[in-house]
Every structure is written in C-alpha cells, then in structure tokens.
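What follows is a set of structures to go through.
Both complexes shown next keep subunit A, but they swap its partner, so subunit B is in the first and subunit C is in the second.
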Partner chain A sequence: MARVVVDVMLKPEILDPQGQAVANALPRLGVAGVEAVRIGKRIEIDFTGEADLDKAQEIADKLLANPVIEDFTIRVEESEA
Partner chain B sequence: MARVVVDVMLKPEILDPQGQAVANALPRLGVAGVEAVRIGKRIEIDFTGEADLDKAQEIADKLLANPVIEDFTIRVEESEA
Partner chain C sequence: MTAAIGVVTFPGSLDDGDACRAAYLAGARVLRLWHADPDLHGVDAVVLPGGFSYGDYLRCGAIARFSPVMESIIDAAKGGMPVLGICNGFQVLCEAHLLPGALTRNSHLHFRNRDQLLRVESTGTAWTSSFEPGQQILIPVKNGEGRYVADQATLDKLDAEGLVVARYVDGNPNGSQRSIAAIRNPAGNVVGIMPHPEHAVEALTGPSTDGLGFFSSVLRHLAAYERVTTS
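The block that comes next holds the complex of A and B.
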C-alpha cells in the first residue's frame, strides 16, 4: 500500500477566519510569540498498489481543492512499515 | 520566522464520511486503484521567533484536536527561505 498526502491550504491572500480565531484565543491560554495560524486540509489517499502522483493530482484538482481560493501540494508519504 | 505544522486526523477506528464521499466519487472520474481516502486538518503555526514544539503541543491539545476522536502529529517545517 502506498500513501499520497495532499495538503490543501487557503491562498495567502485569502482571509482564514478559523485560523484567526485560534490565533486570537492564544493570549487567553497564556501562549505568546505566535504570529499567525492558518488552517487547511490534509488528505491521505491510500493506493492499492504503487502511489500514483498523476492520479492524486487529478483527484486534488477535481475533488479536493477549490482553485479560486486554495493551493495544494502533493507528496508521497514514506511508509512506516 | 519558524513554522510548526500540526496534522490532525480522525483516529483510524472513527468513520470519515467526507473521505468516504471522495473515495466513492472516484470511479465516476475514471480513477481506479484507490483503497481509501481520509480527510483531516493541517494547521500551520507561525512563531515570531524560534519554533516552540511545547507551545504547539499545548495549542493542539487545547484548541485544535478533539482527543476523543482525533490524533495529531507535530513537526517543525523547514523554511524554504
């Protein structure tokens, strides 16, 4: 089994209210020194055979990311087995 | 600036309907060979100074993950600059 990981994040110029809410909560926790928090998606695609980056790219393009507001990166995750 | 990345995924025994929906859509796209898709969160925490894994752990524990249904991993992301 091979795993491909797709990370989908909002483009830098798009506001991220969810991340902003976490960042705003940090002083109440007593945590200082954090400049920004951004929250996106991590998608794990498990292939039955070899990892197929082209297929993963197609899946990400069509199903996982909204290209108007999101960027994504794709990588093969090394198996721990 | 140093960045810590927190990956939050549902525990393996917890059903992931969102990932299942993507997996079910793949045959319609003509994509075969995918065994499973799981969707979680990726959180980027930018520190003003040094990356602080202890702080990131505290943030993840208290704000980012629900320990009943989610696992998380924390790592420092190497800067591309």
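The block that comes next holds the complex of A and C.
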C-alpha cells in the first residue's frame, strides 16, 4: 500500500470564519499570542500498488479541492515500516 | 404542449417536493428526475433543488456534480436548456462550472433562516422575464453556506456584463460579496439563486407569491421558443 496525502486549504484571500471562531475561543483557554487560525482538510489516498502522484493530482484538482476558493498540496507519505 | 419541468432528487435533497409544487402551480407539467438516471426524459427545463446532496460531504455540491443526471444536465445546459439551481442547486451549478464563483460558509457561521427582500437586476434570463428590472421581491432564505465569493476580476465581470440576477436588500444574510443572491450565465439559460423562490408560491405557506415568477418566466420562455422553432 502506498499513501498520498493531500492538504486542502482555503486560499489566503478567502475568509475562513471557522478558523476565526477557533482563534476567538483561544483566549478562553488562557492561550495568548495567536494571531490567526485557518482550517483546512487533510485527505489520505491509499493506492493498491505504487503511489501514483499524477492520479492523485487529478483527484485533487477535479474533486478534492475547488480551485476557485482552495489551494492544495500533494505528497507521498513514507511508510514507517 | 405544456412545457415539462424536471426536478432532480439527489440523496439528501430537501426542497424537491416544494420545487415540483411551485412548477405545477405555475402551470408546468412536472417530472421528477433521479440523480442516478442520466436520462432527462424529454424535459424542457430543469430545477436543481435545495437540500444537502450527498450529505454536503467534501464541499456542498462537489459530489452531486459528478452524478449521472448532472452529466446530462451539464450537456443540456451548454445547449441552451433552462436550468435553475436553488440553494444547494446553486452550489452544484458552481461546482459544475456552469456558473462562476463558489458558495462558502456564512461569514457569521450561523444558519440563517428568514424572509428576505431581494432586488431583481437581470430580467433577461429564462427564469426572470416575468419581473420588472429593479423589482423587489420577498422570498425565504435558509442556508449555512450561502456566502457568494469569487475573485475580483470575476465580480467585476458579473457587474459589468449584467450577470447579477438578484441582490440582497435590507441586510446581507450571509456575507455574500457585493450582496449577490443570484447570478446567471451570459446566455441567460442558467441561473443560480441562494434564496428559495419555491417556498414563496402560496399565501398559506410563504411570505409572498413572488417566487412563482421564476417558474412562470421559464414557461413563457419555453412557449416563445416553441413558437420560434415551429413557425
């Protein structure tokens, strides 16, 4: 099994009210010094054979991320075995 | 022959029943379309209703866009068939790239459910020809992810080319950029709207009957089209 990890984040210019809500909750935890929080998604794709970065790129581009509002990065996760 | 409006049901659609009733009250023949069936059964126009298609998993509309029925609807829309996306249907149209931009989480994070005043700005579409330019209409809005966003160039293009169909008046319920509530494609056959015209078609249940105008518009559009093609 080979795993490819896709990280999807809202583009910097897109408002992330969810992240803001988390940031606003931090003082209630007694945490100070945090300027901003932004929330994204991590998607793990397990291939049956070799990790196929081209296929992962296509999956991310067509389905996992909406290029209008989101950016994504792709990497192969090295197995720990 | 009376025009037929198809209303799609995805797993998780909520407002398909109301959309059918609105089309029926406007005088259309109504056919229900199923997400897994690519056959449009000869309908003349399609409504993509509100709800939470495929559980809104990943992003609202992201998975519905790849359903068999949508493949056919995307082709038909490119060929000029009128398509109206309401709420979740608007999200599906954006995900399908039939309309620009995207719908994101409301800026205040709250689900917003209220009767909303809109100003109709584009009456040259298949779905809004029954309205007067600048007419204000009252229809319910109910969404958690209805904030319209697009890049600056897209927003400027929408404004410059008159592609904004309706804007929120008396308060923006979700933080939409430029108070956009509804947009169209340049051809005018595809319209996406975040508030719900199908919930404002009868005095008993709606704040007005303004929503009927969308459905009577498309019937008028289809009747005119039939006259042109048969003469």
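By our rule, the second predicted complex is superposed on the first by the 81 of 81 C-alpha atoms of A that agree within 3 Å, B and C clash if a C-alpha of one lies under 4 Å from a C-alpha of the other, contacts with A are read in each partner's own complex, and residues count from 1 in each chain.
Note that a contact is a pair of C-beta atoms (placed from the backbone, for glycine too) under 8 Å apart; a residue touches a chain by one contact, two chains touch by 3 or more.
These figures come from a predicted structure and were not determined experimentally.
Applying the stated contact rule after C-alpha superposition, one finds that A:L64 touches each of subunit B and subunit C. When the two complexes are overlaid on their common chain A, residue A:P17 makes contact with subunit C while staying clear of subunit B. Comparing subunit C and subunit B on the residues of subunit A they touch gives the larger count to B. Residues common to the contacts of subunit A with subunit B and with subunit C across the two structures: 63-64. Looking at the complex, you find that subunit B touches subunit A at residues 1, 7-9, 19, 22, 25-26, 29, 31, 33-49, 52, 55, 58-59, 62-64.
Residue ranges on subunit A touching subunit C, taken from their complex, read 13-15, 17-18, 21, 63-64, 66, 68-69.
Taken in their complex, subunit C has these residues touching subunit A: 58-59, 62-63, 66, 94-95, 100-102, 104-109, 147, 149-151, 175.
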